[in-house]
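Can you read through this structure? Questions will come right after.
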Amino acid sequence: MRLAKVFPKLLLLLCFVAVCGGCGTDSGPTGGITVSAAASLKDAFNEIGVLYKTKTGTRVNFNFAASGVLQRQIETGAPIDIFASAGENQMNDLATEGLIDEDSRRNFAGNELVLVVPRDSKASLTRFNDLTRSEFAKIAIGNPKTVPAGQYTEQVFDKLGLKDAVQPKLVFAEDVRQVLDWVERGDADAGVVYATDARIAGEKIRVVATASEDSHTPILYPVAVVKNSRQKQAAQQFVEVVMSAEGQAILQKYGFTAAAGK
Amino acid sequence: MIWEALKLSLLVVSFATVIICVVGLLFAYLLAKFDFRGKEFLDALLTMPLVLPPTVTGYYLIFLLGRRGLLGSFLYDLTGWSVVFTWQGAVIAAVVMALPLMIKASRASIESVNPDYEIASYTLGKSKLETFLRITLPLAKRGVLAGLILSFARALGEFGATLMIAGNIPGKTQTMPLAIYEAVASGDDRRAQVLALVLTAISLIAVYLTNRISRSQIYG
Amino acid sequence: MLDVNVKKRLGGDLPKGFLLDISFAVDGGITVLAGASGAGKTTTLRLIAGILTPDEGIIKVGDETYFDSGQNVDLSIQKRQVGFVFQDYALFPHLTAEQNIAYGIKAKSKTARAEKAMEMLALFHIEHIRTRIPREMSGGEQQRVAVARALASDPAVLLLDEPLSAVDVETRSKLLDEIEAAQAQTGIPFVYVTHNEAEAVRLGKQRITLEKGRVVKT
């Protein structure tokens, strides 16, 4: 009986909350912009998002996932305003398909590939070439088909002539965080991740080598405004914040390097 | 490469289904026929994989079975071998994720068998085990079979936990769901379509069979 | 041959529950266990069969002690040589008449079992339904299969729980004849529960009446 009386009021309250939730608490002209960014950019971009909000009053909704997945989402029409990928391939594909604003595209950061082992690993690993040794039975890398870090890793293996020796030992992860997790736990004997990810993992892993710059094409992080964005202006501002001195400082704080070239 | 994923899936799911059948029936019988302290807690625990996000279950699995895991460390120290990154790990993930379905369906079916039949069997001198095999199980056949087929389908589509504990190794642990994900994420549409079609067809058949069996005549 | 002396508290505390406190002995032939509904007749049968456990007491069949709370003896249902005919027969729905009857037969070889089963089918004049499953049998046929199945397992005593309550009046008389004949042939004591006065009178030279859990007349 009481429930019957309370129920309609509850329903009304729910609708009210739902509608209000749709309106942002920000004072910006819209409910915020949506930024799809590679998973490896998570911590840096969250901070940049705060910076952006302080400067423009607009909120940023982040969508972090593997660059390949994000690319597919945009291709199938997801309502995204900005795309920041961990590699040029995905951005190039979208450019060819005419899905991004070419003019807005910028390379905003770079990265390095590092070889990591579990903190207490007794293995003696000082160079990538050591991976051929039998004490490294499982080597975790990003899936070259879907994860840019994995593609760069393959380039390094190719360049160093390790591909055949190392191939049977490889385990593919769908994002670099998973690679880190496996190495941290000791289930993988070694892993190849970005310097930025290794930095975050901190104490639990040891960085034993850095891939030299000439063993792979430069790791560049491009950002661009998505063509179908309904908030071009706000999105463009985001790119500018990323490229600004403050934005770049945040990125470098997390271990990214300055973008080589453009 | 499509066939590799299909073969691997069938291998993993076959093993998983056999394990699910035995273990599932065991737990279903235990929960249906016995009363003990913590029984409902056990039931809730066994239901968890059905309710938790697969990645959480995957996390627990690797926490337990990894080289430094609670249980995995013993195995690793003893044999130098770990289930992580192996098809056996994929089997374990499939079993854990699909078991709750089998247990729920079987338990309900076993409970619905009139206890008088079992008592009659006892008065005729048959042990609990023989009674279970000759009377209870045949009479609970529909629900048990439906549960088994559903588990099979669930095991076939298992992705999240498998990814974490078995990794994605083409030819070794890349089951169909993993292959589909990879194909979609890398833009290989043709491969994605074929795999998705095969997976859908098998799952459709499985669910159709389950429904047919559930609707067939009751013995009463 | 059958000695029962048990107590059991039933259905929770007073005033809803009551104490079953019975003591009786049965020698041979058919003994009727009579009384109103709820007097404890079915419970008594279940205690003898081992389906329920007394709080205290002794149950003996012949030289065998089935239950003795003082000596900590409590034979499982399987170990007791008790045949039980349930009120709703509890025939295994997925087995034929022949399979139902053969189920409890203790014989080593398959042929020996088949032979004994045919014997029982003949004894109750139901050879013609041997391949039917319970769903395809009439009430009277089911009852016969139920009795045959229980007797086929070679029990030391047969308990029947209102076996004719689901059967129409005309068939009842014939079935009672068959039950009497079966008892005469096997020679083991039958304990026959009923709340039907006509049946009780027809069957029982020996009658035990229960009222609210106690024996009021032997």
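Lettered A, B and C in written order, each chain numbered from 1.
The definition used in the following text is that contacts are C-beta pairs under 8 Å (C-beta built on N, C-alpha and C of every residue); 3 or more make two chains touch, one makes a residue touch a chain.
The structure displayed is predicted, hence computed values, not measured ones.
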item	value
Intersection of contact partners for subunit A and subunit B	none
Distance-maximising chain from subunit C - centres being C-alpha averages	A
Chain with minimal offset from the mean of all protein Cα atoms	B
Separation of subunit A from subunit B, taking each centre as the mean of its C-alpha atoms, in whole Å	34
Distance from the mean Cα position of subunit C to that of subunit A, given in whole angstrom	76
Computed distance of Cα centres, subunit C from subunit B, in Å	43
Of subunit C, residues touching subunit B in the complex	49, 51, 76-78, 80, 82-84, 86, 88, 90, 92-94, 103-104, 106, 135, 149-150, 153
Residue numbers on subunit A that touch subunit B, as the complex places them	66, 68-69, 71-72, 93, 138, 140, 143, 145-146, 170-174, 178, 182, 185-188
Complex interface listing, subunit B residues touching subunit C	114, 116-117, 119-127, 134-135, 138-139, 219-220
Contact set on subunit B toward subunit A in their complex	62, 66-69, 82, 84-85, 163-164, 167-170, 181-182, 184-188
